[in-house]
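Here the structure is laid out as structure tokens; the discussion comes afterwards.
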Amino acid sequence: MNSSFIVTATTAIQNTILQHESELESLDRAIGDGDHYINMKRGAQTIVEMQQELATLAPDVALNKIGMKLLSTIGGASGPLLASFFMGMAKIIKEKGDTSTATYASAFSAGVDTIRQRGKADIGEKTMLDVLIPVATQFTAMAAQNASPKEISTALKKTAEQGMLSTKDLIATKGRAAGLGERAIGHIDPGAKSCQLMIEAVCNLIE
Amino acid sequence: MKKFINKVDDVLVESLSGFALAHSDLVSLNLDPNFITRKQKATNKVAIISGGGSGHEPLHAGYIGYGMLDAACPGHVFTSPTPDQMLAAAEAVHAEKGILFIIKNYAGDVMNFEMAAEILPFESATVLTSDDCAVVNSTYTTGRRGVAGTVIVEKCVGSLAETGADLQACKTLGDKVNQRTSSIGVALTSCTVPAAGRPTFDISENELEMGVGIHGEPGRRRETMREADAIVQDMVQAILEDFAAKNLATPNTEALLLVNGLGATPLMELYLIYNAAARLFSEHGIKITRSLVGNYTTALDMAGTSLTLCLLDDEIKQHWDSPVHAAALRWGM
Amino acid sequence: MKKFINKVDDVLVESLSGFALAHSDLVSLNLDPNFITRKQKATNKVAIISGGGSGHEPLHAGYIGYGMLDAACPGHVFTSPTPDQMLAAAEAVHAEKGILFIIKNYAGDVMNFEMAAEILPFESATVLTSDDCAVVNSTYTTGRRGVAGTVIVEKCVGSLAETGADLQACKTLGDKVNQRTSSIGVALTSCTVPAAGRPTFDISENELEMGVGIHGEPGRRRETMREADAIVQDMVQAILEDFAAKNLATPNTEALLLVNGLGATPLMELYLIYNAAARLFSEHGIKITRSLVGNYTTALDMAGTSLTLCLLDDEIKQHWDSPVHAAALRWGM
Amino acid sequence: MNSSFIVTATTAIQNTILQHESELESLDRAIGDGDHYINMKRGAQTIVEMQQELATLAPDVALNKIGMKLLSTIGGASGPLLASFFMGMAKIIKEKGDTSTATYASAFSAGVDTIRQRGKADIGEKTMLDVLIPVATQFTAMAAQNASPKEISTALKKTAEQGMLSTKDLIATKGRAAGLGERAIGHIDPGAKSCQLMIEAVCNLIE
């Protein structure tokens, strides 16, 4: 992963968010407050506007910058969580200093862990973590087995999709839907959906 | 969607600008990052900062002023503000005795304020308001939302801070008021977030949403529309059960009753609701000795109301009664 | 119709009872005939009585208290009160210096108050408010309605009366304030009178009613919905033209700007409107030095707003600024 | 006219008002504030509730009582106007002391004049007076010509109807519709309609 990949990824992420406007909106309307799409759109937009600058930076610096910018742009629950992800990821990439698949896998995992700590949540609580944790686990495992980027991206897309779908039958115990009890059942978590979309979009770049 | 707005992206800044202009004797507005402070910076006191998503006006900016808040950080509509706003606001109002954040308990607000607090160069503490008793059967405080009771917390803590009390004392009072306060809301219509352009939820002409959140979050249940007395009866019941669950005895206590409009409910109806609620509470031995009726914590253009009961003691009473001079709450000066 | 009410016939009494209960420190309620007075009867001053159809809350009862009204007579929703109410209210608050009636200029209100005044055993005078400039091309003052500007008249006259001024002086000031005040309203939705059970008028999702009355009376014209700035521009224009028609110069004058919500318009939008209006007025050389933003003269659950501009002079300014302590307006005490 | 006729008339008036609910409502909704039906219903209801008492009173006393009661019950514009009508009528009946058709005609005219004075309005201003003034004029003329009650009632119904219809094309210069200018054209005045209905109902009793 170099900075030009990051730039390409930001465009891909913005596109997938914009393409799924009505789906993301309905999900947060059903069990949240209806702003998740708007929040994600605002975040993606700001990052895309930084592309020129990002292209000139080292990957870890670029990722950290993205995190900081998301933190001051998105707000809501998804803002600090996604920001934490990028900042957590940047830290590992900076530490390891190499560009191996294993490094990216452990950076991704570190990002997810930062979200976990920030949100004091775990798998099974009907949040974005139901997508992110399984993906991080699998990414790490496949990287350890020296799977090819192509194999990995294909597998992660599938895992993300499963994780996203798994939120449908859960009662939420974190986030805004935590108040709904049984009423949350039958609805996919909006943050899980947007994370799945972003993972899919980025994986699609690795073919 | 029919609203008095120009471009959807400009709603917040234009509205904040109007607020600052209309109350230029009281407040100053900073844009980018967005925060509002008292015109006259206070000295040598705990600085009280609140904030949250916009769309709940007059919460929070309307409570900036002597005896209440020092600053407020407005986020986008229904979206928590960001740490840079809180840091800049804290920088602007810090007055040697630390910062107290008063935060409505939503994951987004909590995390953003938390991240700000972690890098804040001043001592700080946080009061989390969680007065909404709509959510039952949940052992997770994360599920319990801060709603209109926040106004009472802000008023009382703001009053104490003016006396020069320290950070811990302010936090202690805030936590106590929050603990002694319980609210529940009901919606007759949905609100419409400007950027979304359509109602957050669908609700038919003969339905109501019992326990609705101030962002249009679903509540306890969808019910059939019925007479005000019957609706209020259920709301009062929910509040009484909440106090029972909290092990706070209500009989023979004095209380403050806040009947709050969610944005599109006429005052005429709010007073009718007050009439029903006050009677029911007093039938349960609660003496309503303080009252507030009006739009104090809204949900944009939602037709609906919330009831908030705060069990008074001498300390809370004293701080509720003390002078306050904010755009949306003023007495004694 | 979805409202927080019980039986349609009980709405008024239940709402009045709630109002009286919530503000029992300030007011006393008499039922049958219905009128509300200050809790503490004032002595040796002109007694100021207002009244009109209900549904405009907080007008008028919300303005009872020191520095403003002595009593208010609420009629049925949107229907003038009756002479027996006014006579009983006058009896209750008369304080040796006569009665001043402040009446919004509607045929019904004028005639009912007139009939009361004719048989009143005290000296009395009347100030008719007629600030609504929506109605153009009419040489008949009967066509010019009293709307939100009434609040400013009541505040200023109420202040003067506290000084012990006589009846004629109070009337003179009231007439002057009314003359220097101009308002215009706009509706995005209709209101629904409880007893009627359905909206007073139909208006589609892309229309607005420019110049609407506070009872949902049709205004200047039905227009296509557009941006807030464009709507406010037309409202400001109408007000400026009205002052020109009254031969009142506006450039380089100080003014009070009241942005009034008609019942279902969120404060967020009212402040956005304030922002646009204040800018436009100042572009015309008017210095807005006093402001009021909120629901002060409503039309039940109508989504809409009105702008009121009052040209200040030293006397009006002094009486606007003086202390007031009513349920809906309070400062300086 | 004796008191039992007055009692019968109050029932007839209430019936016709109740039967025309939607028409009266729509008219005041179109060019007023939508409460005219409610006001008239409230007034009629209160008077019907007084029937027992009214039956025991002399006609002039009964009419005056009706006026006083309407004054404290209806409110709005129609309250004091209708009250004025009954009080004005009562005064003449008391003065004249007889029960001739001419006395009733001049009492009716006096009632209408009282409305005129109270409302400072005249014919052509798109109010109830567009019904009442022509009816009063014709009533007086026919009484002077010794027309039979039956002839008079038939004629007055027609005149009332014409007066009511005439308001349709007028611009209002009194009352709540005075603000509407051209927009009032095409709508019948609600007060004119209710007066026409009441006249019709009472005339129908005289056959």
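The chains carry the letters A, B, C and D, assigned in the order they are written, with residues numbered from 1 in each.
Note that in this section a contact is a pair of C-beta atoms (placed from the backbone, for glycine too) under 8 Å apart; a residue touches a chain by one contact, two chains touch by 3 or more.
Treat the numbers as computed from the prediction; the structure is a model and nothing was measured.
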item: Touching subunit B and also subunit D, the following chains; value: C
item: Centre-to-centre distance between subunit C and subunit A (centres being mean Cα positions), rounded to whole Å; value: 54
item: Computed distance of Cα centres, subunit B from subunit A, in Å; value: 32
item: Whole-Å gap separating subunit A and subunit D, where each centre is the average of the chain's CA atoms; value: 75
item: Overall pattern in which the protein chains touch one another (line/ring/star/complete/other); value: line
item: Complex interface listing, subunit C residues touching subunit B; value: 2-7, 11, 14-19, 21-23, 54-55, 57-58, 62, 188-189, 205-206, 208, 225, 227-229, 231, 259, 263-276, 278, 291, 293, 295, 298, 300-301, 303, 305, 330-333
item: Complex interface listing, subunit A residues touching subunit B; value: 25, 29, 31-35, 38-39, 42, 71-81, 118-119, 173-181, 183
item: Of subunit C, residues touching subunit D in the complex; value: 33, 53, 75-84, 106-108, 111-112, 114-115, 132, 134-138, 140, 142-145, 193, 195-196, 200-201, 213, 215-219, 221
